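In what follows, a structure is listed as structure tokens, so that the remarks can point back to it.
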């Protein structure tokens, strides 16, 4: 019987308990252990902490003070945040318009592909599975030139020209659409693999029982597999959202030079340094603004994210 | 109406050019309403046979018919067969009610309220009415088992298939469910094919049992037939607990000659053995009599090696006094009878109770005389 | 199709057509068994015409197999086509472009007679290419190895039954959730020679000697990049190793303890060998990350990080999208692709052989 993936196994719990008991006797080792762990926390958080402090400092203050100390009195300012939000606002909207549909689509397509190649079992599926999985490891440089050619030939903006007259529609959405399609296509391999591993853990007998109950393959997906996929959808959606939100390369290649009106937040953040604002405080504030959605997702669903990367 | 026929059913797998035969030319007819138990050691092909009937495995050769029409090439979806799996295979995200309704929703056009009342009725009968709104993980193993059965019953199928449905239960619950399952099957009168590796289950539950070994049907018959008239040495050894004793013998001068004994035979028995020299003689543990003195014919001096008290009876392991090979023979005696290790006893092997098999082919040449079968309770 | 197999089956001697005597052994007569003498002959026949039987078997199986296959198509084919076109179609297209002389703002000409390997030849004679290839290899190997070692140490520390384990784990993995663009910003600030955190901290500790121009000095540039990438991805290696450690049964730890092994020896002799699978999969994924480190370098250095930190990914982007040397860029991309393939193909094959794909 398949159940949603459980946390640490009972064995590991008992092992941890036993180890913990043994270790309590050696207090000194314990203290050293926590000291090391704490130092490592410092190591991982230092760049973020220094960045956060800097983002609240005036140019004058960060030029003179120690980077990781908080700003003092007149050195404190919110100006960098105001600038960062102003400069990145459009990018945030674009990234959201891009990441949400691309995430949902790539997860959905990965799920049905994995169902068709895992739960429905047929003889010569391995080569196709291999092609899906190998797609994860492709260096994107190998497809950049064709991608730029493709979107030079397929002019989404004119093809969908009827849409741009509608309310709430803007012409630069065409570029975002191109990016969505691209991200969906390159996201399918990883979502496929995640779902495939999950579906392999399903009990065969359960699927067979459904067949004998008279359920068609569509009904089995709709009534059995899909409802049971919820935990894996959480993992996949979170993982894909961070990946797509964080991407820079495809946006650089597919969007018109400089990103234009369709630039996602990563492109906008990168432009912050070269453009108007040279100051580190604004750049740091910008980095946090751009990272905010993924940080929120990560803090709320860190467990699922860990599961996504571990598989 | 729902007579299930397996006609020369064969299943083979290709393993890199080698053909592995899992089920070899199986012929079985299961009458309408009959409870047939398919029994054999693990890996004998019994589950494969069941899965072919369900449509979960393709048939390599042969035909499976339900009533008059062949279902060999039908997908499992349309066979009107319900199956109970060893793992129960309940849908974990559905309540008991949804688990039981699913099959009716998928395979029939039955209106919702009718499905509801049928599920309620079946749940009542299975004693799970108060569990209908729970999820499988909130149920005990025994309750899950009932739900799995209920899910099959509510469909009112032509055939029930059961794949070791009781093997995940503890011993006490298993005995209880065994009786209940039998009662339900009798009430519903649905053709049933039941797979198990447990010969006790086979003996107690089946109208008839089919014994499989190494992909081949060894014998199909009522439990008592298989017990008293085994078709071959495999069946004789597989059915019955403790197993039948086997001793290698040669036929010489009208007697069976073994390492440690010589066993004279009557004319009738000898007639059955004509043309075979290399033999195995078999005797059930409960048919050996411990007389205490070696005076009668067919009696041999033996020493008690080990005594296993079972409570109601004792399993006594004997060695023949002259036997160098130290082969033991097991005898069951009443639990009240006191036997000690090391004790000298005379063991009488009555001629009417012996089975004789050809050592080469294992085929039964001579089985015990049957008029005694009525008075001897099978010991399983 | 099904009809046909039916007919074929009927025609075959001794198969479905010929009905055997009623229910074998049904009457319970001793000796009447399904595998008696009679069916031995059947067995021989079955083997004798095995060829025909095999043909029929595949036919019979295909009817069901094809229905499973046919029913599975709507599920996997659309995603497969989309993915296949963008991944494999594009790689093929890229290869074709690499055979042309496509450059500048004109349109590419796909003229088979003009296809040649000039671009690859050009690459082999280009010192920049060799530098970039060398840097790519160094990045790949050093980054992956250090990440694994560091990740394993982290995993062992976190696996000691500590309190707040989840919190520690979450913090160590946090950088991985960040965009390369964001982390590059942070590290550019960390490495700032005058007011960056690293140099400021060093001088406060009185270690002014060690303060360096981390990301403009060619000697430290690549190392600085690798260090930042390790910061970002060692948490990933930790998570993979942690899963591996948790999969090792308790008894192994206890057996080693009973045998009197020291902690260090226990990990080295008993635990580490069992983490081979974790190491393999983490290594492959880390190498893929390293190959994708383009974003990081691009944000930190623009499209030309200079010879000390130039990798094939940045060189390809510069040639294609900076200098419009499309065909040359494509050729470099194919080399990069071949490198990735060399890493991944053996791994995927091994996974396939172990039945874990």
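Each chain gets a letter, A, B and C, in the order it is written, and its residues are counted from 1.
Just so it is clear, a contact is a pair of C-beta atoms (placed from the backbone, for glycine too) under 8 Å apart; a residue touches a chain by one contact, two chains touch by 3 or more.
Being a predicted model, the structure only gives us computed values, none of them experimental.
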Report summary line: With centres defined as the mean of Cα atoms, the chain at greatest distance from subunit A is chain B
Query - Two chains joined by the most C-beta pairs in contact, as defined above - result: A-C
Requested in this report: Identify the chain whose mean C-alpha position lies nearest to the mean of all protein C-alpha atoms shown.
Outcome: C
Requested in this report: Can you check how far apart subunit A and subunit C are, centre to centre, with Cα atoms defining each centre and the answer in Å?
Outcome: 18
Query raised in the report: subunit B to subunit C: how many Å between their CA centres?
Result: 50
Query raised in the report: Just curious, how far off is subunit B from subunit A if you go by their C-alpha centres, in Å?
Result: 57
Query raised in the report: If you look at subunit A, which of its residues touch at least two other chains?
Result: 216
Report summary line: Residues of subunit B that touch two or more other chains sit at 75
Query raised in the report: Which positions in subunit C touch two or more other chains at once?
Result: 65
Requested in this report: Would you pull the subunit A residues touching subunit C in the complex into a rising list?
Outcome: 8-9, 11-12, 14-20, 23, 33-34, 36-37, 40-41, 43-48, 50-51, 54, 62-63, 66-68, 109-110, 112-113, 115-117, 120-123, 125-126, 128-150, 181-182, 184-186, 188-189, 192, 216-217, 221, 242, 245-249, 252-253, 266, 269-270, 273, 280, 283-284, 286-287, 290-291, 294-295, 297-299, 302-303, 305-306, 309-310
Report summary line: Touching subunit A in the complex, subunit C uses residues 65, 68-69, 71-80, 82-91, 93-94, 97, 108, 154, 157-162, 166, 168-183, 185-187, 189-190, 192, 195-197, 200, 204, 231, 235-236, 239-240, 243, 246, 249-250, 253, 284, 288, 291-292, 294-295, 298-299, 312-313, 316-317, 320-321, 326, 329-330, 332-334, 336-337, 339-340, 343-345, 348, 352, 357
Query raised in the report: Along subunit A, where are the residues that touch subunit B in the complex?
Result: 1-3, 203, 205-206, 208-216, 219, 223-224, 227-228
**Report entry** Interfacial residue positions of subunit B with respect to subunit A in the complex
**Finding:** 54-56, 75-79, 81-83, 85-93, 102-103, 106-108, 136-137, 151, 155
